[in-house]
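Everything on this sheet refers to the single structure shown next.
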Amino acid sequence: MHTQVLIIGGGATGTGLARDLALRGVECILAEKQDINAGASGGNHGLLHSGARYVATDPASACECKLEGRLLKKMAPHCIETTGGLFVAVAGDDENYIADFPGMCTQAHIDVQPVDLHTAPEMEPALSEKLIAAYAVEDATIDPFKLSLDNIAHAQMLGARLLRHTRVTGFQVNDHAIQKVRLRNQVDGKELIIEAKVVVNASGAWAAEVAALAGAEIQMVYSKGSLLVTQERISRQVINRLRPATNGDILVPGGTVSILGTTSERTASPDAIYPEIHEVDHIIEQGAAMLPILARTRYIRAYCGVRPLISQGEVGDDRSVSRGFALIDHSEDAHPIRNLITISGGKLTTFRLMAEKTADRVCRHLGVAASCRTRTEPLPNTVEARWTEPGLAPNMWIRKNDPQDKLLCECEMVPQSVVDAIVSSLRKRGSRPNMRAIGLRSRIGKGPCQGTFCSLRVASYLYDRAVFSDDEGVQELCAFLRERWRGQRPLLWDMPLAQAELMEAMHCGLFGLELEAE
Amino acid sequence: MKQIDTEIMVIGSGMAGMAAALFSAQRGIETVQVGITGEINFASGLLDLLGVHPVSDGTRWQDPWAAIGQLVSDEPRHPYGRLSVDQVRTAMDQCLAFLETAGLPYQTNGHQNAKIVTPAGTVKTTFGVPRSMFAGVTVLAEKTPTLLVDFEGLRGFSARQIAQTLGPVWPTLKVARIAFPGAGGELLAEHAARALDVQIHRSSLADAIQPLVGSCRAVGLPAVLGIYRTAEILADLESRLGVPVFEVPTMLPAVTGLRLREAFEQQLPRLGVRAFYQQKVMEAEVLSDGSFRFLVGNEDAQICVRAQRTIMASGRFFGKGLRADRIGIRETIFNLPVHQPAERTLWHNKDLLHPDGHPINRAGLSVDSRFRPTDAGGKVIHDNLYAAGSILAHQDWMRQKCGSGLAIATAYGALSQMK
Amino acid sequence: MAIRTYLYFPGCKIPRFLPQYGRSTQAVMAQLGIALDETELNCCGYPVRHESFTAAMTAAARNLAIADAKGLPLMTPCKCCYGNLKHADYWMRLDSGLRRQVNATLAAEGLSWREDTPIHHLLTVLDADVGSRRLQMLISRPLTDLRVAAHYGCHALRPGKITQFDNPLSPTIFERLVAVTGATAVEWPLRLDCCGHPLWEKNNRFSTALMANKIVDARQSGAQVLTTACTYCQLQFDVVQAEQASASVDPLPAVLYTQLLGIAMGLPPEILGLDDNRIQWIPDTP
Amino acid sequence: MFLTYCAYLSLAVCVAGILWRARRWFFSAIGPEARLSTPGQRMVVMFTALPGILFSRKIWTIFKALMLDVLLQRQIFRQSVVRWIMHMGICYGVLSLILVHALDDLILADLVTDYAATRNPYLFLRNLLGSAVLVGLAIAVVRRHHVAVLKRFNTVWDRAILVILAIIIFSGIGLEATRMISASLFEEMVADYWGSDDTEEITALKSFWAQQFHVVFATPPPLDASHLDTGRQLHADYCAGCHSSVRAAFVALPLAKAITPMAAIFDRMRIDTWLWYFHYLASCLALAVLPFGKLFHLFSVPLSLAVSSLGPAVGQRPESRPIRRAMGLDACTHCGVCSRHCSVTPIATVISNATILPSEKIAEVGRLARDQLTIQRRWRLSQGSRTCTACGRCSDLCPSGIDLQDLWSASTADLNRSGYPGPHGWIRNQSVEQWADHAREEILAPASTDRPRFTGNPNTFWACVQCTTCTSVCPVVAASDDPRRDLDMTPQQVMNLMRLELKDLALGCRMVWDCVTCYKCQEHCPQGVPVADVLYELRNEACRRLDPAVPKKD
């Protein structure tokens, strides 16, 4: 295959870059070794930062956040809920920090309004009585899956190509330029070669790995962050702990649930990471100080992501490492590679800016004059990406009232028609539908039953629709349930434990999946 | 408050509780049974004895008795280890005999395990199979040309899925999908079963299948052939279709489990068991004379039960016999010591389908040779307190495929070893 | 034996729509030497539960308060009344807010709800307070070789934790009482299901479908008559069935338990109002 | 002269009014049967039926009813003796006053040769009857303001009727008293009936009248024996023929004595003449308004009782039922007995809707029949009607013999037909979607009573493991061959909507309204989710949102 630009990595940056380039009329292919947002882009809060969180450590990127946030609210309103946010401190928090906070915000040009301690509980009844300070900020929430899916969908409409489950296995580098890129399809193992004028390494936490394949060197720090999903929505707004950034100090509402996070733990590699039990307990304890109900409420899922932090060799907490992004043009390395660019670090909030800057650099390499259009061109709200929105499926299902359209997932009320839509959109883009892909693009399996019942219903439905054949269903079931399990395991006590027992009783006790699993 | 005196109090109305109440009533002992019919609602209806050992190798056994022998020698603390093979056999026989009289006949593959198809397309190793399903065991074994029928709107059951999955081993398995007579849209197994029970649509069902049979020598259907009149319905269909008809297990909760539940719930009170279903033990205390006093009810306790002996068959987490918080696992009625992993990180493997299974599933009550709960030091806690069923430690019924056998046998064991 | 007195709660429907239930109950109770206090009471609240939970509870609680003031146990022949009175008893005990609100309303009449007002259904009175032994003694014409399907009626049975009527999943009280009359209680799968009356004149298709299922099942199980101990259920199985009866299927007679018992006690059918039943059942008398 | 005109005018008004009321009996179409016949047909039916009744043994039943229930008012006597005394006092007091007093010139003057209003027994009777009425009025007032149900709903007419009667009686007594003491009147009489100008004799007569008849003269006459003897003599010759002793006026006399001090002023003002006009006009007014308010029951109740003595409405010919209902509406005296015994009265203490009470509902039904109800009041009436349990107590107890139960079923049928079938029907006529938009929570003010106890509280649904048991055991879902088409949703799906905080979508869903409340779902739920209670609560919530009277947020 030939193309102008090969983008490696289908996270927020990669998909954003694909769209940016496509809008500039640059031909590109995006290769993702798993699926959209498989890495940090899918393993975060879905928080559109006001910037106030970084005023102490990194005023520059704090301001970046503010501007990008405001821009995204205009360009992609359908991915964003403008909840507003609160910074709250409780008895025992660092008095000096609280005192300096407003000042630091004004210096960084971040807008904050002090909220008096009587009105704060009216805004958010779940807040602790030990409240000692509260400030209102411009926080909002963003659906990262919808965002990336819309970005890539738009890019594809404009001619970009997407290769899911396709991993880069090597580069053929002759006289300081990548000639060929070798890739392998993870599903059927087929090898393929891509010749691209410019290769962009947007593989986030795997950037160093990928660069290394081309012989380039990047100093990178892996910082894992774990998050918890509560069963119900606990607050209307985003709630931040008013203290130097640390663990378990942000609660972000997301549709009908809330997301509590996060931790920061060094890991040796970005692979094989899990939300660990001690992290979970730690987050809950910390969060409960702000919102006591967090100690009692039911959690339905835990997940984690790895923050790719380009290290400038500093020491200390990874949070103090710049959250600003790193755009590395390897043509300027000691051992230059003329057509390799690495973009990494940064935040979800600034993904567009990162894409823009990268695209500018790419265009300079290609000698293309076209300028960025993502500042002015609103992101189209594509149909295939909308099913990740909680409550949308039941709404459509009820209003459409088609007697033949049965629910496959009862918890989140996802009907057959949604599965059909996702299957056909996947096929339209030339990729094979599987249960995890469908799960990623809908709410299936994201409710309290965590796949206990919907998994088999979806599998058998896909057999009926001849999407599945032979015995692949069994492996699909195993894979889907294993995927769900990652996020359940750290939360298995009380009710969820009973739920999990029921799940194992059916899928292992009755179906004996453990005996079939590869 | 109502006051009741009894010899035996059975706590729990899952498989083990039902079996315990049955055996004790059959022995003519005064019995009170209390429990929420949670777990048995989710019984598959298949009576496992022992299918897999050791779980880490996933070795499946054709001869459950031999398997038990092996298991007991490898894992002496396994509840089966507290029983002789004969006891297990007698327990099973007595239970199957009861089910026969209760109008829910079972069949076994002689003394061997049986293999049966699941809705996921996998093949399950089990022991006691409802007679309405047994033809399925035979045709699977002989790979008979068979028509597997499924229904429109019955979610989670696709004949095509089963046939595709078993294709390599059972090429002669044909499939057909029909609309369940008189039903459009979503179909629930229990509703289909009730409709067939009250004779609605029986003939039209046969008429719908008839033309599809062709050269097939057996017909399989999802397990919806009635709850109370299964034998009658089956005979009816077979005579109309002229080939053996059998049921295939469905997703849980399944009609086959419901039949078990109904058989026990309706028959036990008739055998003289004073059953308080859907009620919990609110308070339990051990009296100085070694007997027990229970307050039974719900938010507000209504009945006071005094019992000489007590059998705990209160199940695990789903059955609410055990309860876990972030710190550890408790037994919910007497707060008995629970054998459990040292900390929560050890409860579950990171892989759901890890061959070793999850350590927490082997947590529970350790018991002495007479099924009396013991503390860590092996000391019996109350002379007249017994435990049976899945609440027992050192077993993993889900992975070993020994749920029902364990429940029935340990219930029998506990009873037969009372003084 | 000493005459026991109950505060009689006939409910709203009996006087106008099912007088035979009232008459037969009176007659049987007289035979048993049980006195019924007929103080005027108000609606049990069940009909208004769709509209307002609080209103339903208030109405019920007022009756309980009156019973309490008179110091009499309350007895109703209607399962729906029984159910709602029990609901009130339960929620008033559990929900202090409701208790305060309701008692405030009752105070205007100098009444107030207090715990532990005994609430009985006709059947529990016969089974527990009178007892089958004493009933047995009064049976002069056992209904041998009559096969009866006992219909339980939902609102007395469920939710068991509130109504405390009998084991909600496998009750036996009605079969026991049928056996007392000398008749055989048949086993029929749908015995615990709904008669369909709550939907009558709201959704007649479902209402009659539910009834039809039960009747088919009862007949299939060999029942000659179906017996009820609830005003609404009887109205459904007698009046509605009679109205729905087509030429093809002959209806299954529905007899009130008090009528059944009365006949077995040798009381004349007129007193028991057997002729008032829309679907005639003539006991084969020696 | 003027007064006579007034009298005839009010009589005319009265007659016209009666005819107008009577017309309604045929023209107001209440109940489904009304659509089967025209007013004309109904009239024909009634008048053709009349002879059949009058010349049959039925007439005896009617006669008995009239005797016992109208004349002796047995029903009222049974219910409360005090009320009976009240009613008898007013009823017979007023009627006999009309006969022996108001109409004396027409009746007594002819019957009795030497009739004079100032002679006994008439003088005494007038006082007696007047006081009887007063006693009745007193009881009525007390009752209206102390019986719980009544005092909440006193209408203008309940008060007006009492006020008018009181005015007539008091003015009458006042009139008698003032005339008694009036000197001017005395002189007029002397001039007219005696015509002597012998001052000495006149003085003597004055002395006697001053002493015996309490006339008050500007200059008090001498009261010595000789004057009095002469006075007595003259009185016997000229006055005694028309004037009995005023001691018989046991009400007016004390009053006369009481006002003696003011006699001179009163006499100068000729207050007696004013009172006379006042008394007369008040009576005319009473006559004129008679057909337009509660007073009409003088005619309508006997009629109603007569009709009801022929048995309940259902038994009668369909054409005659609407007539009877209309008569029933007229026969209501708003005495409140029905509401005092109504089986659902306690419910009206929680649901504030007067039309739950029969005594209030009947008036509203009248307005419904005359098509005078706003949407909101129609809805309230339909709520009042569906709250009725048809226990029939009201019909059994009504002293006016109105078949209220029949009236309710008729009006309920009318409401259903005119688009007020109550929530069950109402919801059925809309799709879930329309519903969700129609009754969104945010457009409503929060609930005052019946705050949701299960819905809106995530804990209610936490335990759910999605096992579908609630749906599997549901007999209604089982009865449907296509649940989605018939019920929109299954119980489990309703529970999940609650968990997902999409309550608006659940309210209009037919599963909620076709639930038979058999509680199987709740009983069988392995996790103790109160499924049926939630469905019940959703109905409460929907009823609240349906009620047009519920305040909307601005």
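So that you can tell them apart, the chains are marked A, B, C and D in the order they are listed, and the count of residues begins at 1 in each.
The rule is short, and it goes like this: a residue touches a chain if its C-beta (ideal position, glycine included) is under 8 Å from a C-beta of that chain, and two chains touch if they have at least 3 such contacts.
The shown structure was predicted, so the numbers you read here are calculated from the model rather than taken from an experiment.
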Given chain C and chain D, the chains that contact each of them: B
Pair joined by more contacting C-beta pairs (A-B or B-D): A-B
Central chain (distance from its CA mean to the mean of all protein CA atoms): C
For chain A paired with chain B, centre-to-centre distance based on mean C-alpha positions, whole Å: 42
CA centroid of chain B to CA centroid of chain D, Å: 70
Separation of chain B from chain C, taking each centre as the mean of its C-alpha atoms, in whole Å: 37
Interchain centroid distance [CA atoms averaged], chain A/chain D, Å: 73
Per-residue multi-chain contacts in chain A, two or more chains: 403, 406, 453, 498-499, 502
Interface hub residues of chain D, defined as touching at least two other chains: 465, 467-468, 482, 484-485, 523
Touching two or more other chains - residues of chain C: 160, 168-169, 213
Listing of all chain pairs that touch each other, if any do: A-B, A-D, B-C, B-D, C-D
Interfacial residue positions of chain A with respect to chain B in the complex: 274, 276-278, 281, 284, 403-404, 406, 408, 453, 456-457, 459-461, 463-464, 468-471, 473-474, 477-478, 481-482, 484-486, 489, 492-494, 497-502, 504-517
Sites on chain C touched by chain D in the complex: 12-13, 15-17, 40, 42-43, 45, 47-56, 58-59, 62, 95, 101, 105, 108-109, 154-155, 157-160, 168-169, 192-194, 196, 198-199, 202-203, 206, 209-210, 213
Interfacial residue positions of chain D with respect to chain B in the complex: 465, 467-469, 471-473, 477-478, 481-485, 490, 523-524, 526-528
Residue ranges of chain A touching chain D (in the complex, touch as defined): 231-233, 256, 298, 390-391, 394-395, 398-399, 401, 403, 405-407, 410-413, 447-449, 452-453, 495, 498-499, 502
Residue numbers on chain B that touch chain C, as the complex places them: 37, 194, 197-200, 227-229, 265-266, 268-270, 275-279, 297-300, 302
